[in-house]
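The next block holds one structure in the form of structure tokens; read it before the comments.
Letters A, B and C mark the chains as written, and numbering starts fresh at 1 in each.
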Amino acid sequence: MGEVILTMNGIDKSFPGVHALDHVNLEVRKGEVHALMGENGAGKSTLMKVLTGIYTKDEGTITYEGKEVEFANPREAQAAGIVIVHQELNMLNHLTVAQNIFIGREMMSGKLINDKKMNEEAKKLFHKLNIDIDPTEKMGKLTVGKQQMCEIAKAISHDAKVIIFDEPSAALTEAEIDELFKIIRDLREKQLGIVYISHRMDEIKVITDRVTVMRDGGYVGTLITEDSTKDDIINMMVGRVIYEEPKTKSNVAPDAPVILKVENLNAGKMVQDVSFELHKGEILGFSGLMGAGRTETARALFGADPKESGDIYVNGKKVDIKNPMDAVKHGIGYLSEDRKQFGIVVQKSVAENSTMASLDNYMNGIFINKKKEAEVAKKYVESLSTKTPSVDQLVVNLSGGNQQKVVIAKWLVRDCDILIFDEPTRGIDVGAKSEIYHLMNELVAEGKSIIMISSEMSEILRMSDRIVVMCEGKKTGEMSISEATQENIMHAATLRN
Amino acid sequence: MICVRKVLYTLELEEWEVEKIKNNALVKKVGFNRVVLFCVLILMYIVFAILSPTFLSYNRILSALNYAYFLGFLALGVTFVIATGGIDFSIGPVMFCAALISGSLLTKSGVPLAVCLIISILVGTVFGVINGYLVAYWNMPSFITSMASMMLAKGVGSAFTKTQSVSWPQSSQENGGFRVLVKVMTGSGTQIPTGLIFLLVVAVICAIILNKTKIGRYILCLGSNKEAVRLSGVNVKKWEMLAYVICGTLAGVASIVYVGAYTTVQPGLGDTFNNDAIAGCVMGGTSMAGGVASISGTVIGVMIIALLQEGILAMGFQKDWQYVITGLIVLAAVYADVRSRKRKN
Amino acid sequence: MGKNEKKGNVFTNNPLVRAIGTQKIVVVLVIILLALLFSIMSPSFRKYATVVSIFDYSYYISFMAIGVTFALITGGVDLSIGTGMIASGLVGGYLITHQGMPVIVGMLASIVLGLLFGLFNALLIAVLDLPPFIGTLGTMMVARGLGSILTGGMSITWPAASVPQGWFRSIFKLTIGNVKFPLGFIIVILVVIIMSTFLNRSRPGRYIIAIGSNKEATRLSGINVVKWQSLAYIISGLFTGIAGIAYAATFQAVAPGTGAGLELDAIAGAIIGGTSMTGGYGTIAGTLLGVFVMSLLKTGLPFIGLQANWQQIITGLVLIIAVLIDVLKNSKRA
């Protein structure tokens, strides 16, 4: 490790209602691979966005190559030599590799583009990095792993001095990860500073020199990888005080009937041979880190995405769910993660959104019984304390949290026996959160059963009767609430194999 | 919707006066935009009447109405499609195809009038099914699909009558009775525009369907956010296709009114009517992005287009001015819609 | 997430096939098949005059199609090319026949008017962000009326081949002795070569493809997306103007109020030739081949007894099939 190339000191950033970064520090040296770890929502990508100029910091300093800097946008950062390789690659799939790398700064011969020269330069670049890719290949035809390497090559060709990898191995095969590490080691040798954002413990151990851990927007500490254990890191990631009372024992009798059974569900890389059971009156928490495959599992179960194989039993009877219509018919409701995109119809009112999944029950012959619709909408506006001037208000005018409540109402109106809540309290203020928790407890008391996907540890521990943990498409842990701790959940959430 | 504030500003109404108008109960029910549009219609008439005194004659109004009837049915139909976020460019030629086929059957093959009228409507329905199926179940872009079926309609209609035009019977002749749908002559020789009543009745039915039935609800919702509706367990493919079926069927109905007003149908034409119908629709407040639609707006929009067309003729300008103005109206309406959406986001 | 490298089969992995593109080869086969079909079913098809006729009909569609290919590659479309072409032909011809201008001025006017339509489209779509199909639809309507208004509603006939002013017609059809030589085809080939080079080897062409492939990524790479997207529509407009000349040169008269529908032949040609409606991919050579299919159909169908209305039916069906194939191609890729 060489001298310090980048220092972020006391970075503070707030958004309306959210203190995203609380005096965070990060120091990167030349010739170092520095891991940045933390749970979902810890603030890792926010920190990087501040660095590259997508966000403006409220407080703190960024020192790069000895000088204080503030980048106005990613292109300025790139010009200075700081580049991010994103998780979601944004490539020009119809152009070739070489054309992608040199987009915007094509090599010309006279008035025409000299593709031949660009191909040669790209080949040289790949050779330097020991990557084996044909620069004349169309980008869209490459695997994600190879596309990522092209992105790295592009960064190098921009004379990058600091490269930030955001969850690089998420979409790679084992072989590709090995190749990636070879390249990273090579870059380290060349005295670049590398920030490696990941939650994969074993990778951190293999490739990184130091680890900085963030938690809930704050800086926890920095360790030297060689001298630390997995437990040390996990403790730093989760070592928070939970103010709410975690549940200590399940409310569900051990002999409660199994209302939903999923066996060997397979849907691509994100859902691999997942099996679990849901008991009547139970809240089953689904924990895991981003990319664990929980949403994908729920969507496959709900029929929103096609599945390759798997059997689903509702109340002991095997059911065939090929699309959301089938799922809803069998009494399953799904509250998606992203409510604006998947949950609400913005041009319609609270009342109209509330009956979206149950319109057949609110008909008067061929006409919609708007009175009945308004009544049921009002009922849930009250019980969920949705802030809206009336049930005729268009949902586009409500705040995010209240929009979420409308989506919840939709499924409650349908009176599903099985409800899948995907991040139910994301983006909702503390007051509303406890209302939703209260509601969930009421629902299971009535005999409904809930699968709750959540990335908030305190929420999982507070609400679940049992917990299923997933990691990268596989189920890696299952425990009752009495056995659950933050640590053993996180262990399972980072368990690969 | 066209920037209403700017329009009112030029009329020099105070801000508070505008608010007072907006809060009036009747205005609220009908929709502020629609009220403005209606005022535009009245204003247009007054301007035309001043510029060309013949405009004050009853006959002028009837002539404009003739144009408005079939256009109105076309526009009502395409409102449903635009509400889903799609478009249907085949409506004009489908209308003609229906009129040609059933007219040919009536005049050349002696098929009874009632059957022919039903066939007219069915031809429209068939094209609606084709368009709807390709768009909803095969995910084809609606504009190209409907343009292709427009060609099909032109070709089929023409092939059926062997490129001959078809003239439907006059009201005095046998089988001419259907014309009562469009106009009724009283003893003293004045014409009662029954077509207007027919159009308004159907418009009211369409408004009820759109606002008070399941079909309308699902169509509007899927136009706004198809995926959210799908994830709520609704069969979006079925409802999206239905919008096109409704559109095609109404085009079939339009064919009856068309021949009722104009008697003769020629093969190979019809696409100018597409543009007029779409223009009337977007002027009335139906958004091309889907999810927002207004039947009353469509009707008033169509009246404006019909009046415009009549006015241009009356003042002796070339018919081509209608194309230019209609084109600019469409662009202005869509631009206003795009901008207001951007602002909301 | 992860994508497997496409394996392909023996045919598609052949380097020559890959260089040309499988779709184009299929189209060539279709052309040959159609030509054979028509020749067998109708002896009068096999005359040289028919070949000349096929070429005649192909010129204006070719130019329209070459222009609209650029709009399609950006992921958009230009529906105004049909009426725009007629308007350009009307105005250019009007200046010659009614204002006594030399033919070259008329030709220039045609091109300039096409460019103006292109600029208008560029403003609507690239600057004001209107959806391309409705933006160019508006232009199409305006063009339809405008050409006719500017020329007083009359049909315009550009100078006949027999008069000295009719020299421009021999650009497309050269009469040497008794033989009519479709010179226009050579011109079209030259234009194809130039525009193909422009698309694939120049910066503007490269950026137009990039915009169609991923507009946001292109913007993030620092490229002026508004400028280059505008260019695509300006090119489309330019070729609309050129098509106007070709139309006037191969037909007797340019009639106002016509033109709507012709754009579909051009767009169908482009899609048959492999241009993707979703953008990012298109070849000028492929477009030309696709246009040839359309031209062949248009001219050949009457020879087997199918009149104009059947041409429309078949054009409609061909368009549906071509778009369907494009949709399927894209869904497989996703």
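Assume a residue touches a chain if its C-beta (ideal position, glycine included) is under 8 Å from a C-beta of that chain, and two chains touch if they have at least 3 such contacts.
Labels paired with UniProt names: A = Monosaccharide ABC transporter ATP-binding protein (CUT2 family); C = Monosaccharide ABC transporter membrane protein (CUT2 family).
The shown structure was predicted, so the numbers you read here are calculated from the model rather than taken from an experiment.
Asks: When every step has to jump to a touching chain, what is the lowest number of steps that links chain A to chain C?
Replies: Each step joins two touching chains, and the minimum needed here is 1.
Asks: If you tally contacting C-beta pairs, which pair wins, A-B or B-C?
Replies: B-C
Asks: How many angstrom lie between the centres of chain A and chain B, each centre taken as the mean Cα position?
Replies: About 47 Å, centre to centre.
Asks: Express in whole angstrom the distance between the two chain centres, defined as the mean CA positions of chain B and chain C.
Replies: For chain B versus chain C, the centre distance works out to 31 Å.
Asks: On chain C, where are the residues touching two or more other chains?
Replies: Residue numbers touching two or more other chains: none in chain C.
Asks: Considering the complex alone, what residue numbers of chain B touch chain C?
Replies: Spelled out, the residues of chain B in touch with chain C are 87, 134, 138-141, 143-145, 147-152, 154-159, 163, 267-268, 271-272, 275, 278, 288, 318, 320-328, 330-331, 334-335, 338, 342.
Asks: Quick one: in the complex, what on chain C touches chain B?
Replies: That would be residues 77, 124, 128-131, 133-135, 137-146, 148-149, 152-153, 256-257, 260-261, 264, 267, 277, 307-317, 319-320, 323-324, 327, 331 of chain C.
Asks: Sort out for me which residues of chain A touch chain C in the complex.
Replies: Result: residues 74-75, 90-95, 99, 103-104, 106, 108, 111-113, 115, 140-145, 171-173, 268-270 of chain A touch chain C.
Asks: Which of the residues in chain B come into contact with chain A in the complex?
Replies: So the residues of chain B in touch with chain A come to 208, 212-214, 217-218, 220-221, 224-225, 227-235, 291-292, 344.
Asks: Provide the residue numbers of chain C that touch chain A in the complex, in ascending order.
Replies: 1-6, 197, 201-203, 206, 209-210, 212-214, 216-218, 220-223, 280-281, 333
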